[in-house]
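What follows is a pair of complexes built around chain A, which joins chain B in one and chain C in the other.
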Partner chain A sequence: MSQKTSAPLSRRQFITGAAAAVASVTVAPGVFLMRPAEAGTAEGVRWGLLIDSNRCGDCNACVTACHEENGVRGMDRPRTDAQWIRKVELRDPETGYSHSLPVMCQHCEHPPCEDVCPTGASFRRADGIVLVNKHTCIGCRYCMMACPYKARSFIHETLTDQAAHAPRGKGTVESCTLCVHRIDRGERTTACVEACHEQGNGAMIFGDLNDPDSAISRELAEHGGTAIRADLGLNPGVRYQGI
Partner chain B sequence: MTAKPQLRALEGRSGGYYGLLGILVVAIGLGLLAAVLKSTHGHHITGMDNQIVWGLPHVFAIFLIVAASGALNVASIASVFGRTIYKPLAPLSGLLAVALLAGGLAILVLDLGRPDRLVVAMTHYNFKSIFAWNIFLYTGFMAIVLVYLWFLMERRMNGYAPAAGMLAFVWRLILTTGTGAIFGFLVAREAYDAAILAPLFIAMSFAFGLAVFLLITLAAYRWSERPLGDLILHRLKNLLGIFVAAVLYFVAVYHLTNLYATRLHGVEAFLLLGGGVYPLLFWVGQIVLGSLLPLALLFHPVWSRSRKVIATASALVILGGLAQLYVIIIGGQAYPMDMFPGLEVSSSFHDGVVAPYTPTLVEFLLGIGGVGLALFLVVVAIRFLHFLPVSLADHKVDPHHATRADTGTASAGT
Partner chain C sequence: MLRGKSPARAASRWLVLGALPLLFLTACGGSVEPPPMMEARGDQCVEPLDVIRKDHGKLLMHERDDAVIRAARNPDHSFVGCIDCHVATEARHTEPETHFCASCHTFNAVRVDCFQCHRDRPSESEYLHTLNPHAPGVDFAWDTDHRGVAANLAEVDLLPPPEAPKP
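This part shows the complex of A and B:
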């Protein structure tokens, strides 16, 4: 038996096998890029974040961690540098009460960016993550006009030294991916959430909004949460407390 | 009724003709240079950024696209509404529509982050996007107008021209609705998200397109020394006045509606009073110089008889139109989005503050390149094809003119 299987391959077998190998190497990345990997997402999942602005401190840990993780480096040009996540300071002029919170792509259920994108490059995965297909984005920036959260950045110049899991190309639009590369590896946290925990703030929770037993769902059920610009009816996957 | 209009290509051998052609080729070259610079270095060499994502190139592009559909007015009046006196000018009208659209689209495409992916835009469609719809509306418009031109200019096909003219007319109304909807459908921004932007853009297209048409006609007839009578000219200038007034009407309704809603007082105060360059462009550029002054010039009983005055008024309408689009496109983005109503907002990503924008030479050259391309196509086409009527003298366009002029009804009854 073992002798049989280890017998040298016939020329036909070799050519067929080689062709199949080449085909799978060529096609597989495309297939898996567009489809959440099995490890990443079970059916019916909706990934989301809950951010408690009362616990959000003065630090910038989530921003630094995100940009470190995804290779988002500035060119010291604040107006054109990309920001996947930013800390927004809020102040109530009536009472003087101030607080801050991080804002990133809100991963809407009905994303305006996806609606307006002419080529369908802006898309929403079955698990709720809104992404830009870097192969079909033509750089028209209509999604940036449409996004109510100013969550997207356009790449204004040539970039080098990118992270392998977060390709970024000049002339295309990008935004927070909810660390999709981690999720597809089976991890269950994002760089920003991890950094917030390490910092001791614990202001951010990542999880499955559709699973009533997940930490994020339990917290939302117990203490509630709101969406930024809830009036638009976009049902974002990022929720806030204390706005 | 009227004699068959005689159309003939220009001589096009004068120094002036070649000089004009040379200037337009330089303009196209500068536009291409700007496009190459932009794709080599990226958009950071422009004034656009992550706050003002559409800038001066889009002002030029949208002006040309809007004017393109309006340039078809004269042909539509002839073919759809049966006014035979406009018939001789219908081919020029169609030509201008195609050329202006080509110029506008060239700017839009060259301003893309990835102009090399045009083929992606042509093969991947998201039909919920008004942008995707516009790709069909623009290319369809071009195809329909080209067929319409063929029907107009090929004797055997003349019988089909009215049907093609009707299709082109309906299509251009949908097209300009689509262009207005690019902004009208943006729910997130205070200055947009308004259905009235669609009819406003249609009125703008009527006015801008006719202004461009008048200027080109005046220039072509003056430089080629062909006769151009007052009859057709005065009807067109009256029509231009009505279109300018229609734009004013829609602008007034847009702002009055916004002013009624307290939540929009901030953006209105920005655009109309405190927003620096935008109120200046609105009141001085669009309203006074681009609307009220042309109206006075076009309807003044004495001044409006002068061709220089009509040309000046048309040029002012064009400048006013550019000012209006600058305010709509850039002013609308400069005003910060109200993500947290009632709260003061600040961040390193320029939340809560008015976005500054200074257009750069690169953007200006790209815009000029598009204008150059549009005019180049017109200048070349009228040199090699029979677009221009040999004569637009009053008795040629309307044989009954001599008898009617006696009763003093030379100008249109508009």
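This part shows the complex of A and C:
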């Protein structure tokens, strides 16, 4: 009795409540009413990171947090282990001054990985995040060759116990997703930035590069920032200060 | 000297040989047990039972590109949502008898590779579908007495109502 009365209500809840993202509606078994789903990416946004390498010390908090968040675990094989973010040590041979900075996928506006991908698996989302669609990735690794930042990794071995929000599997290429699962549920920070503020030196800012009032844009307007290999004209979404 | 075959003998032999597989099939007929449907948390699935049983693959397949490429995530048809509700925490897809998806896929000789990448166990996920608040159903039962989907769609103005006769 209670089930009979609650079922239509729940159906309505389902259709109206979740209709915003519904891509297809079942009209009859096997027949779908396809409707273009409204894009979930925020309008006119370009997500980016600003990293102040003067503040970045020799801690590893961002790397640990990223790999913890996304279930990236090494197999004690440094040459083939996946690496979504890594610390790069810079040393000026003349003065001996050295500092380090984290390098991850730079989320280019014109990503070379997308250009070379034969299946369209490498793509750039409307909000500027460069991702691998693992449903179509064939593991050819052209993108790894094309990326000037060495940001991508190939998964060589069968994996188990992945994080639910970060599917990863043998035979596909992967890289930093700018914590796309967090962004899609409305959070405005990434695991690395969060860890940098909590355990590190607060050297990283996440934000919308297109919004002039965001913290990242204000910092960039005030103190400037550069891209790694800016000469390539890829316009990365990750900017650095002090390099 | 070759021994001649009697036609009657040959015929009876073929009869017996032919009858054996038939007997075997008759003995097996109808005795194949489907895998037990494992219990889910919550009290209702996101779609009527016949729809979800037949078309869950299509729903997941159609909407995955929207989710990955356009970030149009539908929490009611989320892969993670299915797993959260249906799969036991200690289940493994490599042990089909413990795993909701794998048990049925194995029975039907369907081989899909979702779990080569996707987590095969529930997680503390935020992508919960709107019908089930993820409490274990106290008096859990599949709602088989669902109404027509088209009628429901018309009810919420997603399908045009039947045309009124023109004057």
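Here is the rule we go by: the second predicted complex is superposed on the first by the 201 of 243 C-alpha atoms of A that agree within 3 Å, B and C clash if a C-alpha of one lies under 4 Å from a C-alpha of the other, contacts with A are read in each partner's own complex, and residues count from 1 in each chain.
Throughout what follows, a contact is a pair of C-beta atoms (placed from the backbone, for glycine too) under 8 Å apart; a residue touches a chain by one contact, two chains touch by 3 or more.
Bear in mind that the values here come from a model prediction, so they are computed numbers and not experimental data.
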* Asked: After lining up the shared chain so the two structures overlap, which partner does A:Pro148 touch, if you call chain B first and chain C second: first, second, both or neither?
  -> first
* To do: Pick one for A:Thr41: touches chain B only (first), chain C only (second), both, or neither.
  => second
* Please work out whether A:Leu90 is in contact with chain B alone, chain C alone, both, or neither, and reply first, second, both or neither. => first
* Which superposed partner A:Leu131 touches (first chain B, second chain C, both, neither) -> second
* Asked: When the two structures are overlaid on chain A, which partner does A:Arg185 contact: first (chain B), second (chain C), both, or neither?
  -> second
* Asked: Is A:Cys56 in contact with chain B, with chain C, with both, or with neither (first, second, both, neither)?
  -> neither
* Which partner does A:Ala164 contact after superposing on A: first (chain B), second (chain C), both, neither? -> second
* Touching A:Thr172 in the superposition: chain B (first), chain C (second), both, neither? -> both
* Considering each complex separately, which residues of chain A are in contact with chain B in the first and with chain C in the second? -> 135, 158, 169-170, 172
* Structure fact -> In the complex, the residues of chain C that touch chain A are 43-44, 46-47, 50-51, 54-55, 58-59, 62-77, 80, 83, 113, 116-119, 122-123, 125-127, 129-131, 141, 143, 145-147, 149-150, 152-153, 155-156, 158-159
* Once bound in the complex, which stretches of chain A touch chain C? -> 3-4, 6-8, 10-19, 21-30, 32-34, 37-41, 123, 125-127, 131, 133-135, 158-159, 161-165, 167-170, 172, 180, 184-185
* Which part of chain B faces chain A closely enough to touch in the complex? -> 39, 41-44, 49-51, 53-54, 112-114, 117-118, 120-121, 124-126, 128-132, 135, 182, 185-189, 333, 337, 339-340, 342-351
* Asked: Once bound in the complex, which stretches of chain A touch chain B?
  -> 75, 77-83, 86-94, 103, 112, 114-121, 135-142, 144-150, 152-158, 169-173, 228-229, 232, 243
